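Same chain, two partners: subunit A is paired with subunit B first, then with subunit C.
Let's turn to the complex of A and B:
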């Protein structure tokens, strides 16, 4: 999808809002229009930018790239991790590097929306784009998701409030929003008392089975206390839906031990009406990495290259390889595992040679042997990224910088290998 | 905002017609809709026995800091800039159906709300449906706000 005017793209989250207006002053961002508070904070850049360092000492770009390449060259089983906050170009180069070094490659989807994206890429779940949602959707379900906090403009830009081609009368008349969650989130507040279904933690699979029963006209049964009448009402709303969409949040992903109940529910929903599923990806290009790796290897994450062969399995996930201490060096780009993963898992990262590529200082970069700063994608550098629904969006550069883009850095490391 | 009865109770209730209205109740209704000012009631201003009531009423209609003419306040510290109010506001939709009304960046200057630097700003408040001759108690922006950052006083 190309931009048709002077608008820019916000890379604050996987919504990739492409209607951002900016005012520049002295080559810097002065005012940002239309971006939410989260996006504005992201675009403003970091308060503590990263510098080129090798073993804690400041150095120049060339020597840090050389050092990074030599770490990767000397490693037998390096881990290339992160990618969720980097451009598609850099991700493709990262896959190249992993192939060259016989390394492990994984991204944050491994402990995030991986299962949902995988099911969609394999064609097991019906999906649609966010533009379809805006133009057509009449029943919208936020399941284990709280877009009011995680993706502030989700409801206003695509899902609930905007007018679309087939939904011209707006949210009050044309759309029904439903939240299924373990707590009354801010999104649930907007959906109102009638649109909120509270379930216990890990109660999702049972709720899905109960919904299948209700949709088949049977009395739904659950081991926990649930208002059966309200559930039957929900079933009748879903049956009448012309274009339904389920936004699967991390709440749903973490609660399901396997995806069978979800497949059953989606099959049932699609036999009585038309329902689609979109994973609520968090970081702006997580889905992009999944698609890029899928094109290259046929898997979306958790891959190990072994002299031309591609190995895949849960044992190659970032959490497992760090827990098993199966890697001997790591390159982290566009992620901060030290703050997003448990300490017991990531402690091992401090013991091996660690390279970090990021615009800002992070907890991980504080422990790194080599740090290489890159430009902030969407502000200082351009590129392309994939939105949560799988649509590729061109990202434009807004301000000039002397920093290299993440793609250029990855290319130079790849060349130095 | 106070109800019309609360305002009426503070007026002289003599129906003297000095203000030009037929009753004190009529004056109270006009006062609430900002068509007249508290000072337009001569007995209230001139007679000592109404002094306390005059001060009370003046206090009720005094402008509070940051409040726009329609009584709309945006609590910038609570606002997350989601833009729900921008898209849901009926005035925005009428003025800019393809921009703000469709969830995109506003493309015209007549909108009431727009997001700037991550926070909603109220502009053109005189266009708000809660203002002017045919005002109604519209709550589109309040109902859709997830953080209760918009308030009318």
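Let's turn to the complex of A and C:
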């Protein structure tokens, strides 16, 4: 997808909004137009940028890259983790490094949207693009998802409020928005009382089964209290949908022990109308990593390279390899596991040589032996990324910087190996 | 120094559900070490009945602990219309992640959005700082 020269891409989340206007002053970003609160903060940059350090001492780029390569060379079982906030170019180099070092490679989808992305890439779930949603969707379900907080422009730019080619009367008449969640989120407030279905924590699979019953004209049953009349009304709305979409949030992903109830629901929905599913990926290029690794190995995450062989499974997930202390060094790029994983799991990272590459200081970098600053993709460097719906987006550089791009740093580490 | 400090604070078991908040997330982007991020993260939202049960006032601090860890956070009234006694809400953050059990079950994914803690009054202690967490 090519962009108009006047607009830029926000890499604040996986919506990759490509209508961002900027004003520069003295070669620096002065104003950011159109972005949401989070995107604005992301593009303006953090207040604590990363510096090159080795063992806590400031150093230069060459020394930190040399030390990073040395750690990886000396490791027998390194972990290359992160990638969700990295350009696709850097992700491909990370896969090369993992292969060269017989390492483990995993990303944040391993404890996030991985199951949904995997099902889509294996052709088990019907999907569509956000542009399809904007132009065609008449029934939109936010399931365990709260885009009003996680992706602030989701509803205004794509899913609910815009007038699309086949939805000229907009949300007032042309679209029905529904939230299924364990609490009345800000998104549920927007959907209104009639559009909100509150379920108990981990009640998702049963609700899916109940929806299948209702769509089949049977009385829905659940072990918890459920307004059967309201559920039958929901089934009626879904049957009449011309173009339906389910936005699967982490609330749904974490609640399902397996995907069978979702597959059954999607099969049923597609036997009576037309429904699609889009995973609500959070970080801007998690989906890109999944696609890049899939092209290389046939798997989207949780991979171990072993003398040319590709191993895959839950035992190779970042959570398990840290819990089992199966790795002896780690390179973290475009993620902050000390912030996003259980403390008891990530404590092991402090016991092994740790390299962190990021534009900003993070909790993980505070414990790293080597820190390497990279340019902020979408502001200081360009590249490409994959939106939450699988569409590849080119990202342009806005300002000049002395910093290397994440791809350049990974290339130099790879060469030094 | 009052007599009350020698009495054990009432404890209650809470089921924690985590959520996202754009203001807290934006504060993280600016600085994960910043005061704003701590202020918006080190918080638990409770049902008013649980606030009474714990013998605290809104804005007091609570100790949350389980076998994974312990943090002190500020207690707020959730303001939700529907009662949710026994269930409390925390924004996803290093504070909530300190309490997430490491067991990843059949999916290989820890229960980030659903875990239990024992809560009791922190008797005026300050919230846990980010540097204490790491």
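In this text, the second predicted complex is superposed on the first by the 416 of 417 C-alpha atoms of A that agree within 3 Å, B and C clash if a C-alpha of one lies under 4 Å from a C-alpha of the other, contacts with A are read in each partner's own complex, and residues count from 1 in each chain.
Note that in this section a contact is a pair of C-beta atoms (placed from the backbone, for glycine too) under 8 Å apart; a residue touches a chain by one contact, two chains touch by 3 or more.
Keep in mind it's a predicted model, so treat the numbers as computed, not measured.
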| item | value |
| --- | --- |
| Touching partner for A:38 - first (subunit B), second (subunit C), both, neither | both |
| Subunit B versus subunit C, judged by how many residues of subunit A each one touches | C |
| First, second, both or neither for A:342, with subunit B first and subunit C second | second |
| Touching partner for A:187 - first (subunit B), second (subunit C), both, neither | first |
| Contacts of A:367 with subunit B and subunit C, given as first, second, both or neither | second |
| First, second, both or neither for A:170, with subunit B first and subunit C second | first |
| Contacts of A:161 with subunit B and subunit C, given as first, second, both or neither | first |
| First, second, both or neither for A:148, with subunit B first and subunit C second | both |
| Common interface positions of subunit A, toward subunit B and toward subunit C | 36-38, 40-41, 148-149, 152 |
| Complex interface listing, subunit B residues touching subunit A | 79-84, 86-88, 93, 97, 101-106, 114-119, 143-144, 146-147 |
| Touch list for subunit A against partner subunit B, complex | 7, 19-21, 31-41, 134, 148-149, 152-153, 155-158, 161-164, 170-171, 186-187, 189-190 |
| In the complex, subunit C residues that touch subunit A | 15, 17, 19-23, 25-34, 68-69, 80-82, 84, 87, 89, 93-94, 97-98, 100-102, 104-114, 130, 133-134 |
| Residues on subunit A engaged by subunit C in the complex (per definition of touch) | 12, 36-38, 40-42, 46-48, 110-111, 115, 146, 148-150, 152, 182-185, 198, 201-202, 250-251, 253-258, 302, 314, 317, 319-320, 323, 336, 338-345, 361-363, 366-367 |
